[in-house]
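Below you will find the structure I want to go over with you.
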Amino acid sequence: MNVCKVGIVTKFNNQNAIEAGKKIAEFYRSKNVKVFSVNNLDVIGVTTVSPEEVSKLDLDLVFSVGGDGTTLRTFRMLPKSTPVFSVNIGGTKRILAEVAGDCNIKAQLEAILNGNCFFDSRIRIQARVANQVFGPALNDILIMRTNLTRTPVFRICFLNETLSFRMDGIIVATPTGSTGHSLSLGGPIIHEQLNCLMILPIAPVQRIPCMIIQPQDISVSSTHGTKIVIDGQEIYDANAESSIIISRYEHDGKFMRLHKRGIRQIAQLGF
Amino acid sequence: MNVCKVGIVTKFNNQNAIEAGKKIAEFYRSKNVKVFSVNNLDVIGVTTVSPEEVSKLDLDLVFSVGGDGTTLRTFRMLPKSTPVFSVNIGGTKRILAEVAGDCNIKAQLEAILNGNCFFDSRIRIQARVANQVFGPALNDILIMRTNLTRTPVFRICFLNETLSFRMDGIIVATPTGSTGHSLSLGGPIIHEQLNCLMILPIAPVQRIPCMIIQPQDISVSSTHGTKIVIDGQEIYDANAESSIIISRYEHDGKFMRLHKRGIRQIAQLGF
Amino acid sequence: MNVCKVGIVTKFNNQNAIEAGKKIAEFYRSKNVKVFSVNNLDVIGVTTVSPEEVSKLDLDLVFSVGGDGTTLRTFRMLPKSTPVFSVNIGGTKRILAEVAGDCNIKAQLEAILNGNCFFDSRIRIQARVANQVFGPALNDILIMRTNLTRTPVFRICFLNETLSFRMDGIIVATPTGSTGHSLSLGGPIIHEQLNCLMILPIAPVQRIPCMIIQPQDISVSSTHGTKIVIDGQEIYDANAESSIIISRYEHDGKFMRLHKRGIRQIAQLGF
Amino acid sequence: MNVCKVGIVTKFNNQNAIEAGKKIAEFYRSKNVKVFSVNNLDVIGVTTVSPEEVSKLDLDLVFSVGGDGTTLRTFRMLPKSTPVFSVNIGGTKRILAEVAGDCNIKAQLEAILNGNCFFDSRIRIQARVANQVFGPALNDILIMRTNLTRTPVFRICFLNETLSFRMDGIIVATPTGSTGHSLSLGGPIIHEQLNCLMILPIAPVQRIPCMIIQPQDISVSSTHGTKIVIDGQEIYDANAESSIIISRYEHDGKFMRLHKRGIRQIAQLGF
């Protein structure tokens, strides 16, 4: 893999992340690689860019320096399957990260340079309402009632069948997202390489279980207005009865990894 | 029991409830009992009053004619332990109701008149934030995060101890409320005569179980702003870090019942 | 598909199943197809065989006539991917069945004869302890503590990692089995076409979630003796510390179906 | 409280427990208090007795030295409300213990001698089948299917109503037991002072919730034979259709405590 253009995304307002970002930037600058950073790193030869510009730069590799939130944000900047190397700084769960920021970053960067690394692809999903598209999400898309005094009926269509449940909301999660919000809501952990989606009802009146299906278009509508939340980070509104289509995003998220791990997420959760 | 003043609360916009309310009004008018109604019943001699006035009328008996929502609303109009007789019209679960509206209401009214009835008391709870008091709630008080992109840490204090959990929200339910929203969220069913409260975490990151404790002051605060929802019907705001005290309300809710039933709620849920 | 040899497995001690079996036998005999039955059907030209013989007959199609239990039993008689057509008689859940026994069976048989049918393949699993092999199971393999006064520690190895949980037992289920015992234990429903296995802890002290992984060898051992239960129907013993290997069985179970259904199991469960 | 006769129950095969038991025995012998021990402590003046004899000695105070299992066993030796002081040695959860064995036991014993202690009463339950009585149990009574290839229908009667659920088993737990096996099975935590019982279905086909009721006779019968397990330690058999009556035991279990704690069990569980 030939790396000519590198991007760096650092956690908001976190000096340690900036410091780690600087080291990465200096390493690549010393190899004459072009470096673009979303935060100002104050390193000579590094171009500061907006998140919107990142998506257009056709980068070869992007470093996410922060917690899992930063990694999720980084992936949403990347419409294609640009590789992301995730360095944990200040994250608590660090389920998504490859290395901790206080490791010897330089050794990791050398390993990448020498090709001692591999790709770890993850399916992503998006939501479509009328002609708007939200996402892609690496973890999950939450559809939640807006009005706490109404329990809507959600209609969920997939595979030519329609299910109707009265409940507070619904979460559709990827295997990557199965250790996130859906786990707190009682869902299973799904191995990150499986090719499936989880549909998890939230507070269903009829005590409906979680369902796991192949990636496909899932249409959700509700008798009342809802909020659509992408990866727990971006919020959009949907009207009552409007059709929200959740579908697999065409370009997977691609992690760059150094070490194979059997059950990365489970090990990281400490079970 | 001497009944001199009767109140009637009918379901919003429901003609069947109005019709049943009329029958009740006519029955009591024919006995020269004073009758007050929250909806206009168009019966001679019946005074239409506002919900606020109901609380001041010192009624002897109030009829709730509608679904469980109407019963909950009726109880919130009654600051004292005024007896409520609940007639189900148009409700689906009708867990709280004594009789169905299409029963022979007149026979039921005669039974009440003849004293063939008994009281069924239920603990109620209220929420206090600064100098505002919300409630009383017969079923539950929900405290829910406002911002769907933040998972707050909730601190819960009772019995001189403090627990801290990162989660979406918390519900405190009475035994009466245990067949409502908390059941959908995975909580147990509690016999309606037990003297206890349920504290149920919503989507806790650490998979915390439900806790059941004696009625007492429970202080809840959150690192982010929350909504306080009373019986799933009234919504109030609480700021981040403000202390929300949930406590037993001094006057129980009092149902008037005709028939003893062993496990009223469970039977009604159809298990 | 050329059908020359047909097998029939009918529910134990069920006259309705025998009657339906007779009709099927007579239909195929009238077409000069060889028919073998596990129960004596009293039809001229039908050979009664033992379950062990069924596995060696190289049948083209087998009818399972009974409930889901009969279907599970039928599949265990078939070491290869012999097609099974499942007719429901006397079953309650009938999740696995294609048609009800009181339907017009003859019309169904004509449809099969005319090729208006398709195959629906399901992964199966087996358990291996030392040099013994148990199964194959279409639904699930349960490993349960034998001694109710001891809570064993189970060690579960897959993907080169080992997890240790103190608990009562463990169930490994296929997607087909996800609507069975594992659903009662709190597991998710998995679409029957997905290529994965569910590992569900039973009464884990540490409140471990369900895990969903690719089909692969899963090694389970326990600090105390256990029972191994195949499809809820056959029981074997395993000693403390002995290694139980659960793996995908090399030949899938193959249903013959007439009608495509989107989410067969969910529809059947009545959610 | 005047202590004239002290009993000591130490954990099986645990030298540390024996050592701690010795210290307790020597302390009380130096005060001329009579001391009886279930294990031979090799202390002059201490009488070794059988568990059966303990129940008849009319002791003033009994020390349980070991884990939670030892404490449960100690309480079953005591048909009356004899106070138990629980010293944790070698236990992992130590939810029931007052002090750790490596604390300054002598200081604790002085505190007891000086009356700086109080009682903490807990309801207990027993099971009755025909004319046999099992228990009392401090934690829970489990009724579990014997045959792993049959899912029995359990009929549960209380308050003049009968519920029927198809499932693997049922656990009836006291508030004290709510942090034990029932927690692993998904039950709530109940404050130890509440006067109630938990009925928790195990793997119910219909996904029945936990029920919490007043202490009362609960009759359980099953369509198939079951095992009755008392506090996870003693096992008895019950035939199909035989009526198992679980009821509150007439004498509560009584802990002697030094320190008030708000939510003893929850704190101990580390939530």
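Note that the chains take the letters A, B, C and D in the order they are written out, and that residue 1 is the start of every chain.
Note that in this section contacts are C-beta pairs under 8 Å (C-beta built on N, C-alpha and C of every residue); 3 or more make two chains touch, one makes a residue touch a chain.
Computed from a prediction, not measured in an experiment: that's the story for all the values here.
Chemist: Under the touch criterion given at the top, what is the topological distance in steps from chain A to chain C?
Modeler: 1
Chemist: Which pair, B-D or A-B, has more C-beta contacts?
Modeler: Higher C-beta contact count between the two pairs: B-D.
Chemist: Rotation angle for the CA superposition of chain A on chain D, to the nearest 5°?
Modeler: Going from chain A to chain D via C-alpha fit gives 180 degrees.
Chemist: If we define chain centres by averaging CA atoms, which chain lands farthest from chain C? Would you check?
Modeler: Result for max centroid distance from chain C is chain B.
Chemist: Can you compute the centre-to-centre distance for chain A and chain D, using the mean CA position of each chain? Integer Å is fine.
Modeler: 48
Chemist: Distance from the CA centroid of chain A to that of chain B, rounded to the nearest Å?
Modeler: Comparing mean C-alpha positions, chain B is 42 Å from chain A.
Chemist: Starting from the mean Cα coordinates of chain B and chain D, work out the distance between those two points in Å.
Modeler: Centres of chain B and chain D (C-alpha means) sit 38 Å apart.
Chemist: For chain D, give me the residues that contact two or more of the other chains.
Modeler: 183, 186, 207, 209
Chemist: Using the touch definition from the top, list the residues of chain A that touch chain C in their complex.
Modeler: 158-161, 163, 165, 178, 183, 186-191, 193-194, 196, 198, 206, 208-214, 261-263, 266-267, 271
Chemist: Over in the complex, which chain B residues touch chain A? Could you list them?
Modeler: Contacts found on chain B: 142, 144, 148-149, 151, 167-168, 181, 183-186, 202-205, 207, 227, 229, 232-235.
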